[in-house]
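Next up: some structures, all given as structure tokens.
In the two assemblies presented below, chain A is common to both, partnered first by chain B and then by chain C.
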Partner chain A sequence: MMSLQSYCVVLFKSVSHAMRAEKILKNDKIPFKIIPVPKSISSECGVCIRFTPEYKEDIEAVLNGTVEYSDIRELH
Partner chain B sequence: MKNIYFDNAATSWPKPPEMIDAMNRYNETIGGNPGRSGHHLSVEAARIIFETRELTAQLFNIDDPFQLIFTRNATEALNQVIFGMMKNDHHVITSGMEHNSVMRPLRYLEQNGLKVTVVPCFQDGSIDPREIEKSICSHTKMIIMTHASNVTGTIMPVKEVGHIAASHDIPFCVDAAQSAGSIPIDVEDMNISLLAFTGHKSLYGPQGTGGLYIKKGLENDLVPRMMGGTGSRSEFETQPDFMPDRFESGTPNAIGLAGLGASARFILNQGIDGIRSTELTLTTMFLDKARDIPGLRLYGPRKADLCTPVVSFTIDGISSSGVSQILDEKFSILSRPGLHCAPSAHRSINTLPGGTVRFSFGHFNTTDEISYATDAVTKIASGTIKGDAV
Partner chain C sequence: MNEKIDARGLACPQPVVLAKKSLETRNTVIVIVDNETARENVKRLGEKSGCTVSIEDTENGTFTLTLSKTDTVQPTGDITPVPSSSATGPNVFVISANTMGGGDDELGELLMKAFIHTIFDLDYLPDTLIFYNTGVKLAVKDSDVLDDLKQLEHDGVEILVCGTCANFFNIQDDIAVGIVSNMYDIAGTMSRAGRIVTP
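Coming up: the complex of A and B.
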């Protein structure tokens, strides 16, 4: 049986905010990708940033004070 | 015959090749609905718009790019400001050099009770900022003024008026349709609270692009002119209150914004000072020659450093439209005659109802073209070349 790895998403209120976060994270070389907001989560804007849980603190540190985000959630 | 394009104040042409490349690339390889759908082409479209927002914000020294919203043109931005902010018991101050994109919304609201003070301008289109300050009363809720006249090119004292507005705590809206990309704009230094611009003139972008800068916090005093889908907060039937989504409903002109981004980059690379110095050379050369042409009358400041690269003139005995027609048919020189959507400005410079012939130069014009044009105008003024009946 394949075990599903847990992952995290950052949710944003608008696509513009997601694009700004993308640009900042790219500069910081933190691994992530942009995915459509999983349907299990009530949507903010249509896209969110997905990353693995070990980067949670790094991501928070980079985004706090630079881009407004609505939430960071861990999903399984 | 090669076209000599002197109508850059209406729409600049030709465009930088980078702009055309960016639009082709968008059409051929991207094409998604920006951010709505989450797939990678949709995200790429959103990315391009984000980049254009950052680049345009940089041009005007806007600290937070989200305070800049995109519109179809300056007209839409100005309508958003005027209809979104003015109430019937408000007072607004404007200048005697405005375009109809300011005057028509104001005159419309005047019928409902809005008080409008049009501060008179001198015959060269200039204005005394002290007259603006004298018009301020307790109901004054906005000062709205063009940065540069589209008729005479006259550069208005935006920084001085911005200072006055700020010291009275009145929002200051600037119509930068003629100035954006051509002369420096700094929303902080000039105390500009609202800046309306258009993409297709001196920013060398495509038609159908423009925008509005809204000073942080002021967005709450501005009712959106348009509401609808934003790709955000889709489960709610109320309009988002945050920037930029509050004012950006409906699918944007993404291909146009791809082009505008490339144009903004072009301007940043050339440098506004570089662009300005080319344009000063052309305008100075034209004015120096035109001054000596018998039968030709110049309007406006007649000094290149006091204006954008726009000159207005008439030729005795021939209507402005007659002159423009001869220039087009006999010389392939493309100009614009008449009132230029700005009757108020023509009233100020005393050229109603006949208007003027307007030459507006751009980055891609040359000194050879100016020489050719002054020769052409000389021939028309002396009667050597006449228009054909048919």
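Coming up: the complex of A and C.
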């Protein structure tokens, strides 16, 4: 469980983008979790990808140019 | 006054059915089984029926279980209400598929992962989570929700995984969380539930 530390989320405009990102990150063996978008954030799509901050650069590198995402945010 | 049941080669839940039937009329029942799941299921039946259970593991992969009723111990499990967050009975979540809703499986799998993660934030935590049919695929060692389920189990949520289903998908050796269970426990838990939530 990562719930007590700060964590990051990748937000998407569409569920299909979240699904594509899920596949890519899984392939690259980057640890992440599919979660509902936290209530404090409004988003067009209801699910997001949650990960620990240490993987932020990896995830950006993998997703940039392959999947459209709207934002990556750090939450506490 | 005791009976010896040779349940080797019988499929789940036959060993439990035979043992349960025999316990209705006898104080001591000896059951021979040839697999771990049957061993655990018969053992649990014995414990729930107020028996002392002794298990002898033999070298050829079979297990001999002796279930002996004790005079002083009242049967538990079937009779004692399970501690619960509601007044009327346990809060039971039934996960009958690895997808949430029907229609699109890929979407359903995504929704189910989000649902399981959300359980932590609910006002009413489940007392028991039951997994059957393709739902059991969520409880395997490479499941995307394994650490959520382990955390729930650690927090005191009982997790029952249908053994027949795990066997059907040939993943019985990969189940990594919860108790591999049988129809008696699953149907019994559902029948005693104060409410059942099915995503």
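Everything that follows uses one rule, which is that the second predicted complex is superposed on the first by the 73 of 76 C-alpha atoms of A that agree within 3 Å, B and C clash if a C-alpha of one lies under 4 Å from a C-alpha of the other, contacts with A are read in each partner's own complex, and residues count from 1 in each chain.
Going forward, a residue touches a chain if its C-beta (ideal position, glycine included) is under 8 Å from a C-beta of that chain, and two chains touch if they have at least 3 such contacts.
Not measured: the values here are computed from a predicted model.
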Touched partner set for A:Met19, first chain B, second chain C, both or neither: both
Chain A residues touched - chain C or chain B, whichever exceeds: B
Partner chain(s) touched by A:Ser42 [first = chain B, second = chain C, both, neither]: first
Chain B and chain C contact sites that coincide on chain A, given as residue numbers: 15, 18-19, 22, 34-36, 46-47
Interfacial residue positions of chain A with respect to chain B in the complex: 13-20, 22-23, 34-37, 42-47
Partner chain A, residues of chain B touching it in the complex: 34-40, 42-43, 46-47, 49-50, 53, 65-66, 230-235, 240, 242, 244-245
In the complex, chain C residues that touch chain A: 106-107, 110-111, 113-114, 117-118, 120, 144, 147-148, 151
Sites on chain A touched by chain C in the complex: 1, 3, 15, 18-19, 22, 33-36, 46-47
